[in-house]
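Chain nomenclature is as follows: A, B, C, D, E and F, assigned in order of appearance, with residue numbering initiated at 1 for each chain independently.
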Amino acid sequence: MKSIADLADGDRIDSQFLVNACTKGVTANSRSYLTISFQDATGTMDGKKWDVDPGDEEVFVPGNIVSVEAEVISNKNVLQMKVLSGASIAQEGIDFTRFVPSSPIPKEELVKKLEAYLASLHDGDVKKLTTYLLKKFYDRYLDYPAAVRNHHNFASGLLYHSLSMADDAEALCRLYPSLNRDILIAGCLIHDVGKTIELSGPVATKYTLEGKLLGHISIMQAEIKEAADVLKMQGEIPVLMQHMVLSHHNKPEFGSPMEPETREALALAMIDDFDAKMNILDKAYAGVNPGEWTQKVFAFDDRYFYQPFYNEKKE
Amino acid sequence: MKSIADLADGDRIDSQFLVNACTKGVTANSRSYLTISFQDATGTMDGKKWDVDPGDEEVFVPGNIVSVEAEVISNKNVLQMKVLSGASIAQEGIDFTRFVPSSPIPKEELVKKLEAYLASLHDGDVKKLTTYLLKKFYDRYLDYPAAVRNHHNFASGLLYHSLSMADDAEALCRLYPSLNRDILIAGCLIHDVGKTIELSGPVATKYTLEGKLLGHISIMQAEIKEAADVLKMQGEIPVLMQHMVLSHHNKPEFGSPMEPETREALALAMIDDFDAKMNILDKAYAGVNPGEWTQKVFAFDDRYFYQPFYNEKKE
Amino acid sequence: MKSIADLADGDRIDSQFLVNACTKGVTANSRSYLTISFQDATGTMDGKKWDVDPGDEEVFVPGNIVSVEAEVISNKNVLQMKVLSGASIAQEGIDFTRFVPSSPIPKEELVKKLEAYLASLHDGDVKKLTTYLLKKFYDRYLDYPAAVRNHHNFASGLLYHSLSMADDAEALCRLYPSLNRDILIAGCLIHDVGKTIELSGPVATKYTLEGKLLGHISIMQAEIKEAADVLKMQGEIPVLMQHMVLSHHNKPEFGSPMEPETREALALAMIDDFDAKMNILDKAYAGVNPGEWTQKVFAFDDRYFYQPFYNEKKE
Amino acid sequence: MKSIADLADGDRIDSQFLVNACTKGVTANSRSYLTISFQDATGTMDGKKWDVDPGDEEVFVPGNIVSVEAEVISNKNVLQMKVLSGASIAQEGIDFTRFVPSSPIPKEELVKKLEAYLASLHDGDVKKLTTYLLKKFYDRYLDYPAAVRNHHNFASGLLYHSLSMADDAEALCRLYPSLNRDILIAGCLIHDVGKTIELSGPVATKYTLEGKLLGHISIMQAEIKEAADVLKMQGEIPVLMQHMVLSHHNKPEFGSPMEPETREALALAMIDDFDAKMNILDKAYAGVNPGEWTQKVFAFDDRYFYQPFYNEKKE
Amino acid sequence: MKSIADLADGDRIDSQFLVNACTKGVTANSRSYLTISFQDATGTMDGKKWDVDPGDEEVFVPGNIVSVEAEVISNKNVLQMKVLSGASIAQEGIDFTRFVPSSPIPKEELVKKLEAYLASLHDGDVKKLTTYLLKKFYDRYLDYPAAVRNHHNFASGLLYHSLSMADDAEALCRLYPSLNRDILIAGCLIHDVGKTIELSGPVATKYTLEGKLLGHISIMQAEIKEAADVLKMQGEIPVLMQHMVLSHHNKPEFGSPMEPETREALALAMIDDFDAKMNILDKAYAGVNPGEWTQKVFAFDDRYFYQPFYNEKKE
Amino acid sequence: MKSIADLADGDRIDSQFLVNACTKGVTANSRSYLTISFQDATGTMDGKKWDVDPGDEEVFVPGNIVSVEAEVISNKNVLQMKVLSGASIAQEGIDFTRFVPSSPIPKEELVKKLEAYLASLHDGDVKKLTTYLLKKFYDRYLDYPAAVRNHHNFASGLLYHSLSMADDAEALCRLYPSLNRDILIAGCLIHDVGKTIELSGPVATKYTLEGKLLGHISIMQAEIKEAADVLKMQGEIPVLMQHMVLSHHNKPEFGSPMEPETREALALAMIDDFDAKMNILDKAYAGVNPGEWTQKVFAFDDRYFYQPFYNEKKE
């Protein structure tokens, strides 16, 4: 059974995919058709079903896994499925992770690394607060993507991104000894935990009501405040942790109500930006040969990026 | 004993004032002098003490009331005190409200009005949450100014501003029936309660550490979240109240991490803006005669405002 | 005869509509088709005529009322007419108001209210100038919409919007006694009269040459200037009225060559903004159920608005 | 009697100057002093009078010519007068032009050139409207400066600037034949006539009430509208002339409520910008030697400009 | 053989065109079709080939001249070719200039004018440097367009634009004697020479790798630097010429790393802007009748321009 | 002999300092005085000489080392010297490095590290080009500061900053294997070499003419281009290196004519930003105790930064 990433112009397939979205249109001669977004662990592809059968809309339900017969055709250099037929299948027992892009590093390894970072924290308040917050949202924290679309949008992407940032922080603290390692590592681990409330989950990820009305930054800041009260923690650590979360998008226009006002808050915001951008470029460069340019990259104001020949051997 | 607002060029005074600030400078001939900012309920005035006596710095302590002998002189059209001598006085028992601008409406009346508004709320969740939050910060809420400098910067200014907005909301709800009165009134009452944590108090008001690192908007949003948990309140009301607080500065560049996404959140932001601006203009127009212009008004990008002759009879 | 607002997927209709626009396209197999925008008092709907008959372009003339046979179909969740045939009908004697959205309050009531406001003005110059200007454009002022598309885009929308603002002004003058009621009410009534020259009329509203090259703000300012000369009016009132009109969009980037420099000019701009935004939200929320979100709202930078459950009973 | 431009460090003078402004200050030892801005046809210089005599404030009245004894001293590389004494002189009969920078070209020549341009207009409406407007404000148009401070701020500067732009227009119309010469020349002549109402006059120039509340752009647009009505002129010429005036600052943020929407309106705005900038640079480069830099130039965001050696022979 | 500019709805043609671009799409019934952009000296037109024959993609190769049979049809008021068949023809010996818009002035005349300008330069360094740089890129300089799309996008457009600017400079130097003619004329001639490296050539013009990664401004600045070293030229002329090139887009947001800091650099930037805008308007106004408006003009933020009746006689 | 960093209010000193700047002013009683900026390796301090002796201006020459007798006094919390006398001393043989802040790491160590990085480059073109460029400016590259004022403004600051960035790059390349180490390290080493032409030198650093008119970014890009021609280097490496230099300020508004379009160019810009900001904060935090705030930091839009108590042990 071919994966989406393997499909080529002319393929005839009989496969299972996750339905992301489905909308009905009308052709020039007033016949209905469906546009369906399919997904598996390797990517997404749009399909068209030109002849809509009576039960089709009950089959192509967003969030469901369906069985699909289709031809793959190329339209303006983009592959597309011409769906011949679709069928519902029993949803129970399906391993959904087969249909969601997975982390490049196995979840178990990520969890081990996370626990090691937690164990490495020396400062009592920092350690207590960080541990309390991660444990409160532990299951979601291990499974959620880091974003709906932008970067690290795969299962455990949130954890992957948080640990990647912690690695950066560890390396930079060695080079810039005036950085406080404990609070910076803690900031890397918790800065995006609010996404477990902002987003609906790892499959067919959407924004929740809280997500749309409050945003993950304010959600998480309030969680830290409440956690400090629950833990009866005094002193500046809870305030500084709240500040790091509030300011980690760096500028008001990027969603941060405060700009960084400590060295570690600034470092956190810059590390977050760096790690997200590197991941965005990984995605943009995927499949781009030396001497070619990427598609427009949304996160860079629709700029194109060039793939130099010096990367020839690597990719 | 003359008030600051009554002083004129040439006056010789022996009076008591609150010290707002005090800095030491050096003259061309290397003699030290002090620049002191004095305040009473009617205004502020800078003073210079050219001959610094040994104990002077212990006398002119910011936040203290001091006894001052001085001459009033005019410097570039601005009155200034030439301080001849200053003396410490016992601080206990001093009625500090004499030295802080007071609300145009007595605090007791404001409190009555507040209680009436609270009693008028119908929606159970809205009423419970609003009451809980106001009571938690009740004493400060009744005494604090609404800002350090910008608008409603007088004792009980926060309460005055909140009620003035509630009056606006009441009137507008009658004209725009699609506005939900309960949540809008509640929003007016609680939107700035975070200032009781952001600011140090009604006298010699400064920003606290929480104020500088978190800001009153995020502080209050976290309080609402925690209050809802304490009250075990479910449903959308706590989320919507948090959203109103988060978005009441309307735009990211004015400190709001979210922009208004409900009709009432939008109305709240616009009413807040209107009430603040009217108060800023009251202050800017004070003492400006018909046909004259105000000083530059900081809150309006240093624009000048004109006092028309049609206001002649009024002022 | 069904109204546009009542149409549903699958309806077969034989009805009369106003033609807003008509463009010709070509299908993949090189056959011509027409895309026509239809309108009646309850809304607008696009139609497609796939087989173009010789005389069709003489039938679907923008600004005309036509007789239409069509099927209603749903395309990407948007209803659309598949036009089977269209026929010209005699235009004389048609009651065009049947095809234009009408004011929620009958025109007669609005006129009465207008006259009452005019009668209530005390200041001689303000009253004389306001009356002169409104009478000069009286018929259009009573019939025009307030905008082509954005807000209050219905017959008498200009009058409706002006009076709604006057109501706001009346209420706010009571709450803020430093506001001058006369000039503010006058400003509400005349601020948008320039739209009677900027726009073509209440049906199939377009911009005129003056509208495109000068804009309603400058058009109206020049009218006030000329009116003052005709009335041989001296003093600051004509200048202040011109200033209010020039500054009522508040910022250069919104079309105002001057920013408000009197209290009443500022209040006028803020009231205008509030009334327009409330009307825009009324339109955006129409038909949106509690728990749902509006479509993107253009006037709010394509933001979505949430319909809370507390509005359940009302709508 | 030395002119301001000729003064040097150490000079002892007894001369007459126009007083631009006068403010009172207080020294460290509480003695009053005056800061006075003096002007003659060659420039401006600040003076300090350290010992204020009783009648001094009646002498140094802004707008008056006074007799001054002073020493010239250098303060932070800027020359300044130490005023020893000042005396009132009879103002009647004084030739004020001696105290105001004059046009590099005599007024008579400018007037001749203006009349030639008027005579050269072919289009009937353009000629009639332009002539009417210039004659209405003729005396002021011949005497006023083009600005308070920025560019062409000398007697007849408005006329000088208008004709300089007309020269540019004449040359460019030959190079770009698609430009309509008549309306462009007319635009150059009338675009800034509103300044005769916006500004107080050629001596000690200030903004008038109309100037501050309406601005010269809107003032002039209204004059054109009224002129067209007086002349009973129909057709698009008056509208296009209004449009040119409204759009000649090119962008809303520079004060234009409309952006240019005809080729000639665009050309007018660009020619105005070019002529103003060349004049600003003439002033900035005055006295700057090759290899040196100008002071910060306000109109260019405080940029410095370099004087190349290739200009050595010229200056 | 009809030119593209002469084609009308309903024409049946058998002609030769340059292929600019070709993309494959799929129709609703899953049949492939091609969208081809055709060009000749008079303009461009899109075509659709609905039935794709096996060899079609080898025929419609971008950059090739092809023989085309087609019907011309109107789609949403835009003409389009319905391509019936296409055939390859031998490319050798084809006169490509027949398929590329040509300069309104013959290349030979432009070259003569260029040589005259070069001969007219007096300053030794300016002349030597300018001549060296133009000769180094001479052939391309004579043939290249000034841009891919925006302005002067025709063969020899670069030269045409450079000379047009030189004409402007010559005229303005006469009106503003403080401008240095030599360096300004030189700046006009060389400012865009970097486009000969930034762009691929006069036919089917695209950006090169250097063009995309460095831009014509930096490319040319480096060429001047190297030329000065090759010519062993000392002194400020090479630095000033580099500065003129670096700053000729005036503002960082338009691609200039430096803002103009000499009078001539400023004049160059303004002349460049004026000449480009006049050319853009020539293109936008082409075929627009008096009383009509142009299409949206991209270079003016999608503004529309009005064609006045005073241009009736001319066009 | 006390260093500037050791001076305290009330000190009486007899010491040697570098003169950074000297300006003459006039006191209220018209006596001249000098304001002199003094510097040594530990910092800078302003001094006033109230009684100007005839030869003083020949003594306090910017760039010279002078002998100074002075009293240290505190003015508005800032220390200042009251200069009693100053004397010229012989400049030859003076070790200027004693008067310029020095690198925290000895120059010799930095040079060793630099050579190691150069030796570690594998790619032939990258190594050849980088080595050529560094050797061409070697002496200056080892001695120059990285900026006049902003960051790393000490002797060898340019080298220190370049190597610090290389260390960051080395660490990040290990964490992000898709980054090309060679070109990124090379970019770190050469990105700011243009500052050796932009700035005047390590003592009393100013901008040169090239610096002001071209900027270090364009200067260096042209050097790479010329170097590649001298080395007859083909291929994309020289273009990519130029691109990295052009884009290393990331955005046009920060001086980069191109935005990063390769992964390494982006990483370079972000690493440069990070290293500069960490150094700016080191300077801002110097001497700030836990619980206190820094002064306004210019590079962060005048934001204040907080010194947390968790840094108590460290500083």
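For the reader, a short list of remarks on this structure follows.
Note that contacts are C-beta pairs under 8 Å (C-beta built on N, C-alpha and C of every residue); 3 or more make two chains touch, one makes a residue touch a chain.
Because the structure is a prediction, the values reported are computed rather than measured.
Touch-path distance (fewest steps) from subunit B to subunit E is 2. When the partners of subunit C are compared with those of subunit E, the chains appearing in both lists are A, D.
Counting only chains that touch, the fewest steps needed to get from subunit A to subunit F is 1. Ranking every chain by how far its Cα centroid lies from the centroid of subunit D, the top place goes to A.
The two sequence copies subunit B and subunit F touch through a face in which the numbers common to both fall below half of the numbers used overall.
Repeated interface: C-E and one of B-F, A-F or A-B share more than half of their contact pairs by residue number, and that pair is B-F. Centre-to-centre spacing of subunit D and subunit E amounts to 40 Å, using the average Cα coordinate of each chain.
Remark: subunit C and subunit D have CA centroids separated by 44 Å (rounded to whole angstrom).
Annotation for subunit D: residues touching 2 or more other chains are 28, 209, 212-213, 236, 240, 261, 304, 306. Applying the touch definition to all chain combinations yields A-B, A-C, A-E, A-F, B-C, B-D, B-F, C-D, C-E, D-E, D-F, E-F. Touching subunit A in their complex are the following residues of subunit B: 209-210, 212-215, 217-218, 221-223, 225-226, 229, 236, 239-240, 242-243, 246, 252-253, 255-258, 261.
For subunit D in complex with subunit E, the touching residues are 123, 164, 167-168, 171-172, 174-176, 178-180, 182-183, 235-237, 240, 259, 261-263, 266-267, 270, 273-274, 277-278, 281-282, 285, 300, 303-306, 308-311, 314. Considering their complex, residues 27-28, 33, 48, 50, 71, 73-77, 80, 82, 293, 304, 306 of subunit B touch subunit D. Note for the complex: subunit B touches subunit F at residues 23-26, 28-30, 32, 209, 212-213.
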